[in-house]
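For reference, the structure discussed in these notes is given below.
Going in written order, the chains are labelled A, B, C and D, and every chain counts its residues from 1.
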Amino acid sequence: MKIHYYPGCTLKEKTTALDLSTREAMLRLDVELVEPEGWSCCGAEYPLTEEKIIGLAAPARVMRQVRDEGGDVLITTCSFCYAVLKRTNYALKNDALKHKRINAFLKDDIKINPLTKEKTTGFEDYNGEVKVLHLLEYLRDYVGPPKIKSRLKRPFPGLKIAPYYGCRLLRPQKELGLDEPDNPHIFEEFLELMGCTAVDYPFKQECCGSYLSVSLPEAATEASYRILRAARMNGAQAVAVTCPLCFYNMDKRQDAIRESFLDFGGLPVLFFTQILAWALGVDKSALGLAEHAVPAAHLFEDKPRAEVTL
Amino acid sequence: MRVKLKAGPEPRKFIDRIEELSGENVYACYQCGRCSAGCPMAAEMDYLPNQIIRLVQMGLADEVLRSKTLFLCASCFTCQSRCPKGIDLARVMEAVRHVLDPKGKDAFGPNEISPELARELPQQVLVALFRKFSK
Amino acid sequence: MYEPQIMSFLCKWCTSAAADLAGTSRIHYASNAVNLRVMCSSRVDPQHILYSFREGADGVFIGGCHPGDCHYVEGNYKTLRRIALFKKMLPELGIEPQRVRLEWISAAEGKKYAQVMDEFTEQIRALGPLNFNEKALKREEQKNE
Amino acid sequence: MTKPQTKKTDKRVGLFVCHCGVNIAGVVDVEKVAQVMKDYPGVSFSANYVYMCSDPGQQMIIDTIKEKKLDSIIIAACSPTLHEKTFQEAARLAGLNPYQIEIANIREQDSWVHTDKDKATKKAIRIVKGHVEKAIRNESLEPIKVDVTRRALVIGGGISGIQAALDVADHGYEVLLVEKNPSIGGKMIQLSETFPTLDCSQCIMTPKMVEASRHPRIKLLTYHEVESVSGFVGNFKVRIKRKPRYVDATLCNLCGECEKVCPQVVPDEFNMGLSFRKAVYLPFPQAVPGTYTLDAANCLGLSPVRCGKCKDVCDKKAIDYDMKEKIIEEDVGGIIIATGYDLYTMQALGEYGGEKYEDVINGLEFERILSASGPTGGVIRRPSDGQVPKSIVFVQCSGSRDTEKHLPYCSKICCMYTAKHSMLYKHRVPDGQATVFYIDVRTGGKAFDEFYQRTVEEDKVLYIRGKVSKIIKEGDTLIVWGVDTLTGKKVEIEADMVVLAMAMVKADGVQDLLKRLKISTDIHGFLAEAHPKLRPVESLNAGFFLAGCALGPKDIPEAVSQASAAAAKIGDLFSQKELSHEPTVVPADDEKCSGCAICITMCPYGARSMDKERGVVVVNEVLCEGCGACAAACPCGAAQQRNQTDEQIFAMVSAMLGE
């Protein structure tokens, strides 16, 4: 089965681990992921004022393309893309003014066929027809736990993983509707399905510092430290994330964290799709484990080692 | 410091503009402070999130526009998710940033990132950051 | 100046009391409407409205309690549904739906009552006379032709 | 929609136009009105007078009715809300049926709101004409009379229900007090001390409970639930379900042997699950009635084959596994609903740990911990490990005043009980740290603010103005993320225990019953008053009275006042020889009714029902409140409101619009 998939910019260049493991894993669930033709960056941040609505054009265009290719579902794994696409979709469905203005703008968009150089324009209005789903949602609601369970080759018996939701998967709830912002379950359910033990800790929905990691690195360092520390204190052997930026803040910046917070012992950070891919039997080489700053390969052994000293 | 509250339409204009841009009713806020209590960046701020709303309510535009807080908000929506009045404070912050002098200096621009760092950073962080903090 | 005729059906508990309050507060408003007090706005049958048009009304006003405040639990919701449907039918009869107005005016809203009366009178004035019987006659003739 | 014929009527209608000094006459040409109407068909007499409501004015009405043999009169004067009764009484003295009186409002709705004399006079004439047309068609009516069963039902055995039952019984009437739990006492019996006097709740509650159980006119029906109510004010039939207690209350002597041998241990509801009880249990030592109850849901099987230990040890042979559920039927004349409240669920507050943190508790749980009869014998210990907490954080407005996700209203009593909680904590643990997070402290009540000030000044409780965002747990310690909006500092406080001043919400267990009784509630599920100011303890449904927290959050004295007020209303009702009901109801005309039943769905009071044999609708006129919604919906004109028939409305419209 072919399903539309929006990888987003970061997955294409920097965190190929997330992209690669997603594709490999989905193939083992009989799903081939196809990218909408000519997709562009979603803009990363959903525009928050009533006047900067031009930021809705790019994501709307992507979703329109999916619809025009006959797709009704669009999957993402990156939390930023997920939030932008889903919120844009919500706005186009529920805000008549934004719908009108964005469609008026996109109508004269020009598409050029790479082979025939034929130009198409005068597009039909996009009305939010495509359903934007995070891969976690797709796995739960479309593939379903029984099927996934039946395909598991290498579950993780007893591996303690702390799910990290961050901001963009959960808030604002009215527009995203993935789960309860302060009492989410979907990630835990996924991890339990993989045979892991989902670690409950109070920072699963706290912010990692997001883009402040560039403008105010100390703040992001501290925010990420608090998350990792809480996960470790509650017995986690690794943190699982969905977002490349959360990954960057918590994995790539762990050296900085250790420098600032001497008590911190380090903790591997994984993409949830690496867990999925491995459990479904994907080869270790396709997990992109070399991208990790904090070594995580030891967790993907047939008999994973309980602890690794860093 | 003594603040003089101006009468007349001037402060009202600022408040109206913020409400128009953000789509939020800033007068709905009853100053419980829950946004600040849960804000991951509050420790770095000169004015707490609830104080930003308070300053807007009082029409003290200059105070708000000078605040460091505007560029510490990571739009994580924690405040929004717990606000008892359903105010999306991230939108208010964005509205205030929007009102800032458009010709002014970028709060954070591309020049401040070294090429090495730029190579390492995920694209999304750069796009997001410039969207938020640059003109 | 053309003075439209308006028939008002007011619920006893809210809008009629609001009209009384407008009186005690000496708020002046247009004198075009004559009020018929009913126990509840839900007593108003679309027939009463049509009949009013036939008898020369250019506009019909119905006043009830705010949603949730009905003295008879839910009468105003019944009115709301009835009038909404009825207004959809009116164009078929050659009557502008704006000639029927339903408002929730509580016993405390004397000022609102007066404002609505002025507004509605102006609105009907702008629409001009209805001449329901003439129109009906014409329609009959057309049918017969 | 046929035009009504000007009825060939022999009726003699009289018109009296009032000047009301210059109030009417200053704008409306009253002489002209009287003059014009003289010749109007049906009008036999028309006059004007300076003050109709004055004694001479009324005398004039009385004399004229007699002299001119009037069958019906119209007073064109002020609003009917002012003098309708006055004129009806005058007419009655002249031997005229009060339903033959029409008031044409030409003051509030004419002379006071218009300035153009000509227009106002024309409008007055239109108004009067309409009323003449109505009067011509008015019937003489008599109020509908019904008997009263002088016996009351009180639903709910908390403080409100008990007080109401005692008061009604003291008025001299019989009362059935129905409580669904094994004992009366409600929430108040669970409290430790009460603000602002700090008297022991059980000490002031138990005498009331005993009094209720011993009162010769109160029949206590504990472990019973009201199933349904039919009938109408003064004449209700109530079906009550007796839940099997499996212990004969008349035999049980509270020896407690059954409890000792019972192998089944379950959380104790009375102690909010902070301790355990057996499946056969006494809810609390002062329970009324004083009897054990066997909770079938937790018993091994109600059979000697399965267990039977309790039955074996019971000397009095009080235990009976074969006890069955039973429905009893009772007649009552009035009903008081005092079904209380619940607390908002911990689960709904994920940011405060949901139900994950054992040491985050609600106010009622803390009451049990404070109570000398509680699970810790009055020593403040936290649930997780029994340690005495060295630091407690109290969070006000947990779930309250949150329009977005929780409950928009203020729960009213939390400010005071939080002050009490923190004060009592400081009394028991003097070196402990008590911190209260608040948004506002609301202390409107006798000696309330003084009490709050004492908490702060004398007991040194730290009040921080700000709402807690989140509670996390690190090891054994809770960390509370708050803010002090007064200094603009984000604060984090370590606490051994957190007490949430949880919002008060509708009692979940009775919502079905309320629906069955058609008792209206507000959007939050609290009972709706007939009028929030002027009829605060009455339901819109005649014969139902309301008291206590079922109406909304309130403290004990307020609940008790309402209970006494509701009881007084029952007294009003029962003191009448017979009840009279407005006769302006909507009967169904057998001849015209097609049996479509549309009117039945329109009626909010269940006054209309189908006579299946005859295929027509029949009306219980006592239940009909006369709104007329059915009359407007009836497609065949069978439902006509008395003295506001369609014919009357049509005639009024014609007269009011015609020249």
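Keep in mind that, in the parts below, a contact is a pair of C-beta atoms (placed from the backbone, for glycine too) under 8 Å apart; a residue touches a chain by one contact, two chains touch by 3 or more.
Treat the numbers as computed from the prediction; the structure is a model and nothing was measured.
S.K.: Does A-D or A-B have more contacting C-beta pairs?
M.R.: When the contacts at A-D and A-B are counted, A-B has more.
S.K.: How many angstrom lie between the CA centroids of chain A and chain D, rounded to a whole number?
M.R.: Roughly 52 Å, centre to centre.
S.K.: Can you check how far apart chain B and chain C are, centre to centre, with Cα atoms defining each centre and the answer in Å?
M.R.: That pair's centroid distance is 49 Å.
S.K.: Taking the mean of the C-alpha atoms as each chain's centre, how many Å separate chain A from chain B?
M.R.: Comparing mean C-alpha positions, chain B is 26 Å from chain A.
S.K.: Using mean C-alpha positions as chain centres, tell me how far chain C is from chain D in Å, no decimals.
M.R.: About 34 Å, centre to centre.
S.K.: If a residue has to touch 2 or more other chains to count, which residues of chain B qualify?
M.R.: If we look for residues of chain B contacting two or more partner chains, we find 43, 78, 82.
S.K.: Give the residues of chain C touching no fewer than two other chains, as numbers and ranges.
M.R.: none
S.K.: Could you tell me which residues belong to chain D and also touch two or more other chains?
M.R.: 351, 470
S.K.: Which of the chains touch, listed as pairs?
M.R.: Chain-chain contacts present: A-B, A-D, B-D, C-D.
S.K.: Give every residue of chain D touching chain B within the complex, in rising order.
M.R.: 351, 397, 401-406, 439, 465-470, 481-485, 488-491
S.K.: Can you name the residues of chain A that touch chain D in the complex?
M.R.: 180-183, 200, 202-203, 230, 233
S.K.: For the complex, which residues does chain D have touching chain A?
M.R.: Residues 349-351, 353-354, 356, 470, 472-475 of chain D touch chain A in their complex.
S.K.: Which residues of chain B touch chain D in the complex?
M.R.: 30-39, 42-43, 47-48, 50-51, 78, 82-86
S.K.: Flag every residue of chain B that touches chain A in the complex, lowest number first.
M.R.: Listed in rising order, the residues of chain B that touch chain A are 20-23, 40-41, 43-44, 71-72, 74-78, 80-82, 88, 90-91, 93-95, 98, 107-108, 112-113, 117, 120-129, 131-133.
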